[in-house]
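Each of the next two complexes has subunit A plus one more chain, namely subunit B in the first and subunit C in the second.
Here is the complex of A and B:
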């Protein structure tokens, strides 16, 4: 135990570990905030779809040798988030079909482009690192780090300012519309915020595992809490704790960061499920 | 109250991040690090080399002798130490330069070696390149 503690102290001396922890905490917080809304609106798969779009955008950025690819990926993902929302409202291709189409199409396009226009010899490595986020959070450039912090603060600020509106459109869109709220506008704002979080979370857990970061904390909190506010708060705290445990476990035992964080989330869900089961029985 | 807690938390995170900087002229022993940390540090050496300039670095990895086929420095041999990440799918290299050819001659391609050297920079046809000037082979 002391050895592990000494190892943590040693690793915390490296600035990039502190950067990773700060960014991971902010990303987890943002994911948990929006996760509650997405789960309640049954939009969980939108995160999955957008993460695959982000992978395709990343491949395009690599083909065009863009230095600051995060901005390009952000722009593409936001555009697709808006498209998905528009298609779900007024198109012959609706909801989950539209998400599935964009999702698999982007994934295939991304992998295809990375193979045809390979910028380095290790394509499998690049794909693996982006899809599963093995150590991406520990290898952030200073620009990516500052951008992640700025975007996270923006997302949290927007959520706090729009909290009541988000609450209204989450539970009863028709009533919200009847009270004069511009549901279309706030759904669009939500889609853009989700897109930002997806791009940020790609650095932490990779494209394929982003949904876990969004869904699991919300599902855990819903096991034990009854109000929207309590679910949101517990979800945020849990997400931060699981990410921190995941990162520390990963750097101590040399495991992939993304997968470790998701494993911790799964364990947390099992624990909360057991607690809620016992509560009901009592 | 929620807004107050959140804003204090954000401010603390930003201040903590801004106060941290890697410093040059240090002795850094990378042989104490595990796989994932070593790979991450090697990535930082590539991304933010200026912060580690003139530091003495001790590192262990696979020695590789690479011949550039085209581009800048074509048909010349370069030496590097390869560091793989935890899943063995990604690799970072740290270029090595040897002022003492006896050290170089004692190493074979793909040997696992431990070297100590000064992290330096050179200008190569307008490109800034970082490398480890090897002083000791262990």
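Here is the complex of A and C:
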């Protein structure tokens, strides 16, 4: 046990590890914040769809060998988030079908492009790294790091300012509309914020695993909390703790970061499930 | 003075008319029941009155009030059944549109407490919304509607899914709000008999549109025909 602590302390002496941890904490916080709303609005699949879009955008960025790929990916994902939202309000193509179309399409496009315009000899490895996350969080460029921190803070700030409005449109969209709240505008804001979080979280867990980061903490918190505020707070704390445990475990046992974090999330969910089950019985 | 004046109103979606030539008015302290079969355009009328939908033709005149001054009690959605929220959070959400700041003001909290007291549900304040009975949930949502307005309540099938006792209590509560607090009520209902017992005016939507006071409605051929069905 002491050895493990020594090892962690050793790693903590490298500044890039500290930065990675700061970014990871912020990303976990953001994804948990929005996760509650997405789960309750039954929008979980939007996060999933958008993460695939982000993968496609990343492949595109790689093909054009853009230097600031994150901004490009961000733009693409936000655009698709807006498109998905519009289509789910428009009845010509059903919302879930539109999302499935967009997400599978961009997944295929991404893999296709990566194969045709191979930038390195190990295509399978590259694809795997983007899908399941790599050590990307440890190798973030200075620019990406600052961008991640700035965007996370922006997301947190927006969420706090819009907290009551988000509650209102999540709990009862029709009533919110009737009181004169512009539900369309806030749904749009929500979609953009989700897109930002997806792109941020891609650095941490890879595009296929992002949904886990968004959904698990919210589901755990909803098992034991009764008020919206408590659910939000508990899911944030839980998300941060799980991510930290995941990161350290992955460093120590040299397992993939993204998958390890998700494993910890799953364990947390099982624990919370048992707690709520016992609570009901007693 | 009439609070709402509706003239020659055609309502529907995307140019398709669902109900045609609706005329009615809502007076101060009025109690209007809007009845009709499923698909007759009751919900569409609600949305149009709340300005969530544009009327196809005709006019809705509001005197001295805004569309958002109508306190609205929507039908419950499936999302709410498992929603983790305290009663007080739900009630306060009536003010969500009024502040940019992430905290509600003392005044708003006081108003919310008063609304809870009015409906005798102060003891539920810190309870979880999803753990309440159907009747209690409707009271919570009704107090939220009260906060959004003082003068008009628009209730969309408020007794839907309630048992006999809760239904009775709900009707009594609405009657009290109407008589003692002078709040004008517009209620969507498909329970014709209680509508006739409760309301002062009836608006019937169907192939034929009827508007008049309760006695006129009760003596009409339409009512006899509907009862025979």
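One rule holds in what follows: the second predicted complex is superposed on the first by the 281 of 282 C-alpha atoms of A that agree within 3 Å, B and C clash if a C-alpha of one lies under 4 Å from a C-alpha of the other, contacts with A are read in each partner's own complex, and residues count from 1 in each chain.
As a working rule, a residue touches a chain if its C-beta (ideal position, glycine included) is under 8 Å from a C-beta of that chain, and two chains touch if they have at least 3 such contacts.
Bear in mind the structure is a predicted one, so any value in this text is a computation, not a measurement.
By the touch criterion stated above, A:40 is placed in contact with subunit C alone, subunit B being left untouched. Once the two complexes are laid over each other on the shared chain, residue contacts for A:167 go to subunit C alone; subunit B is not touched.
In the superposed model, A:203 lies in contact with neither subunit B nor subunit C.
Touch criterion not met for A:28: it reaches neither subunit B nor subunit C.
When the two structures are aligned on the shared chain, A:231 is found in touch with subunit C, with no touch to subunit B.
Of the two partner chains, subunit C is the only one touched by A:176; subunit B is not. Contact with subunit C, but none with subunit B, is seen for A:222 once the two complexes are overlaid on the shared chain. Counting contacts as defined above, subunit A residues 160 meet subunit B in one complex and subunit C in the other. Across the complex, subunit B is touched by residues 10-11, 14-19, 22, 25-26, 122, 124-126, 128-129, 132, 134-135, 138-139, 141-142, 145, 149, 153, 156, 160, 250-257 of subunit A.
Residue ranges of subunit C in contact with subunit A, taken from their complex: 50, 52, 66-68, 70, 72, 74, 77, 79-80, 83-86, 89-90, 92-97, 99-102, 104, 127-128, 131, 141, 144-145, 148.
Those residues of subunit A lying in contact with subunit C across their complex are 40-42, 160-161, 163-165, 167-168, 170-181, 222, 225-231. Residues 2-3, 6, 10, 13-14, 16-17, 20-22, 32-37, 39-41, 43-44, 47-48, 85-87, 89-91 of subunit B are the ones touching subunit A in the complex.
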